[in-house]
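Data block below; observations after.
Labels for the chains are A, B, C, D, E and F, by order of writing; each one numbers its residues from 1.
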Amino acid sequence: MSVLHIINKSPYDRSSLDTCLRLAQPDSAILLIEDGIYAVQKNAAAAQKVEQALANHQIYALQPDLEARGINPDNMIDGIALVDYDGFVKLTTDYDKSQSWL
Amino acid sequence: MNEGPYTHQASDSAYHFTAAALRAGHEIVRVFFYHDGVNNGTRLSVPPQDDRNVSERWSELANEHGVELILCVAAAQRRGLLDEDEAKRAGKDSNNMAPGFQISGLGQLIDAGIQADRLVVFGD
Amino acid sequence: MATKKFLYVNRTAPHGSIYAQESLEVVLIAAAFEQDVSLAFIDDGVYQLMQNQDTSGIGSKNFSPTYKALGDYDVSKIYVEQESLELRGLGKDDLMPLTYEDEDDDWAEKDSIHVVSSKELAEIIDQQDVILNF
Amino acid sequence: MNEGPYTHQASDSAYHFTAAALRAGHEIVRVFFYHDGVNNGTRLSVPPQDDRNVSERWSELANEHGVELILCVAAAQRRGLLDEDEAKRAGKDSNNMAPGFQISGLGQLIDAGIQADRLVVFGD
Amino acid sequence: MSVLHIINKSPYDRSSLDTCLRLAQPDSAILLIEDGIYAVQKNAAAAQKVEQALANHQIYALQPDLEARGINPDNMIDGIALVDYDGFVKLTTDYDKSQSWL
Amino acid sequence: MATKKFLYVNRTAPHGSIYAQESLEVVLIAAAFEQDVSLAFIDDGVYQLMQNQDTSGIGSKNFSPTYKALGDYDVSKIYVEQESLELRGLGKDDLMPLTYEDEDDDWAEKDSIHVVSSKELAEIIDQQDVILNF
């Protein structure tokens, strides 16, 4: 019964990533979209918790949202996988259900 | 779909997701517009020429792929999104709903949750 | 029609925005569909259940008494995350008492609110079929 | 005034603040509606009978106290808020602006900032 | 040139109170409205920073917003003053300008 | 007409919501009023100035090149809070170079972006007449 957690807000402005990490089961995955993308940045204040989360969760980031925000993929935390909208659709079918942390 | 056009990216994300799901051959049971999401259903939007037309893009999905676009009636009434019938019933002199959208009740959201294999929420 | 497990996740404070109110409207409509319904109140969502809300000074509708009707709609699984309460300096006593009558127990009046740990709530989320977020 | 009616409390707060300022004898130079705030200017809203009518309340302030209510034209066009002239110009078959509201440019916001002794922003 | 800082978001969901406290000059005041009200609660995680802020700032809370949210005035941090909408208007005239931390 | 000191405060990331874009539209219009204009980028607002933004994949307008025109509109006081940059793992090099030509210095091209501490920014805020927030 694994869950795809979707985060669309910056970890610096909203509590949604923290809450997701507190409530996500170990086999669930996390997809970063829209302003949720900012959680991918290396050497940033939110990086440590994202790196720790990678031990328990697959973490994906939506590439078109990454590009819109001008984040260099080289500055992404290692282990985060990029997907496009087709990949986003596939993730929602790979996991039993999705949970958008609005 | 919980937010209106332009102000939040949610409507763009939901559109691109829906288009990709159709490309992949999935059936879209319904797109349900709630909260400010009902504002996607206006036909009076006049975006700048170099910008996308969010409402028209949804209408095209309805027209070309038969996607059901439902505005929640209570949310739409509050925010001033009316079709011809609703406008008449409320004694309003005009209406603003775009082609391809329909007004219906919240039950359509629950029904979609029951019918569909997956439900994805886009919002603020 | 198949019965699915629906979870309504509330993370938004009431009154500052309409999400709490319109979420409650969904839950009341959903009751007619006889699905397996649970509600989760997390983060600022716990403020939705505060006692003694009085909106007369701000002129908007006070929908908070409607939560008390949830029991009549057979919505009796209301999960409130303990960590969210504690962070906000709140306890269960600060929340409205919400009850339902248990038909399997001679219609005894029982508490609908379950204060649960993050760990318990994570498992509840995992067991759902459909998750709606507001 | 940066947010639409009902969804965020901002419009209520701004209304109560404006009413209180008038009670205290202050002059309101202008209420400028920007971003989703332009959605306050619809006359098609049909709120539940036991709820406030946000747009009508603004219209009353214009009518009774002569408060100038300006919708930013660019923000309004994007979101489908049109008066009769704008609708004609855009080739739209209907319009939805409430009485007491006017459409004008962003310059009116800056001008208000220059003219007024105080400027207060309400938003999300 | 003193400023009235206006906070309308919960300190648990948004960064606006933190940013305001970082950027407010000692003689400026803070008004809590809408969901900003939740910062008044005693014995809560945000209480310590609010109590510290009271050393440098007058802090006001909008009473109709407090009542809407069901917060008992007895549970308010000592030193926060309640105002109604008339008081809100007066504050905007008492201070030279306002800054809404949207 | 009196000249006032206007500060435009940007705390919102671009693209996820329209505030950044519509704020920029205000600043460009405001230039015609010949007031004393400053811009502050704080918290997620610093992301507005990121280099290499490419919105072709999300289909919305890429307004980021417009920031480069600010110098032509005599908007040359652009303050970016250092603490906000550091928290996000960013430095000035991650931001678009924004410049203006200084008419008091033989039209020499100068940097419009000033990375300032919280303390400096607090003083800048204090000196304004009108503060607009987006």
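Methods note: contacts are C-beta pairs under 8 Å (C-beta built on N, C-alpha and C of every residue); 3 or more make two chains touch, one makes a residue touch a chain.
Bear in mind the structure is a predicted one, so any value in this text is a computation, not a measurement.
Undergrad: Please identify each chain that touches chain B as well as chain E.
TA: Chains that touch both chain B and chain E, as defined above, are A, C, D, F.
Undergrad: Please state whether D-F or C-D has more C-beta contact pairs across its interface.
TA: D-F
Undergrad: For the copies chain B and chain D, give the interface type as same if over half of its residue numbers appear on both sides, and as different if under half do.
TA: The interface of chain B with chain D is built from mostly shared positions.
Undergrad: Taking each chain's centre as the mean of its C-alpha atoms, which one ends up farthest from the centre of chain F?
TA: Max centre-to-centre separation from chain F belongs to C.
Undergrad: Would you identify the chain whose Cα-based centre sits farthest away from the centre of chain E?
TA: B
Undergrad: Nearest whole angstrom, what separates the Cα centre of chain A from the Cα centre of chain F?
TA: Each chain reduced to its C-alpha mean, chain A and chain F end up 28 Å apart.
Undergrad: Mind pulling the residue numbers of chain E that touch at least two other chains?
TA: Those would be 8, 12-13, 15, 34-35, 64, 84, 97-98, 100, 102.
Undergrad: Give me the residues of chain B that touch two or more other chains.
TA: Chain B, residues with two or more chain partners: 2, 6-7, 9, 13, 16, 35, 48, 51, 74, 119, 121, 123-124.
Undergrad: Mark out which residues of chain C touch at least two other chains, giving numbers and ranges.
TA: In chain C, the residues touching two or more other chains are 15-19, 43, 58, 60, 130-131, 133-134.
Undergrad: Dump the list of chain pairs that touch, please.
TA: Touching chain pairs, listed by label, are A-B, A-C, A-E, A-F, B-C, B-D, B-F, C-D, C-E, D-E, D-F, E-F.
Undergrad: Okay, in this complex, where on chain B does chain A touch?
TA: By the definition above, chain B touches chain A via 2, 9-10, 13, 16-17, 19-21, 23-24, 26, 117-124.
Undergrad: Which of the residues in chain F come into contact with chain A in the complex?
TA: 13-17, 43-44, 47, 50-58, 60, 62, 64, 87-90
Undergrad: Which chain F residues qualify as touching chain D in the complex?
TA: The touching residues are 1-2, 4, 6, 18-19, 22, 25-26, 29-30, 32-33, 35, 130-134.
Undergrad: Can you name the residues of chain D that touch chain C in the complex?
TA: Answer in residue numbers: 6-9, 12-13, 16, 48, 50-52, 124.
Undergrad: Enumerate the contact residues on chain B facing chain C in the complex.
TA: Where chain B meets chain C, its residues are 2, 34-35, 74-75, 105-107, 109-111, 113-114, 119, 121, 123.
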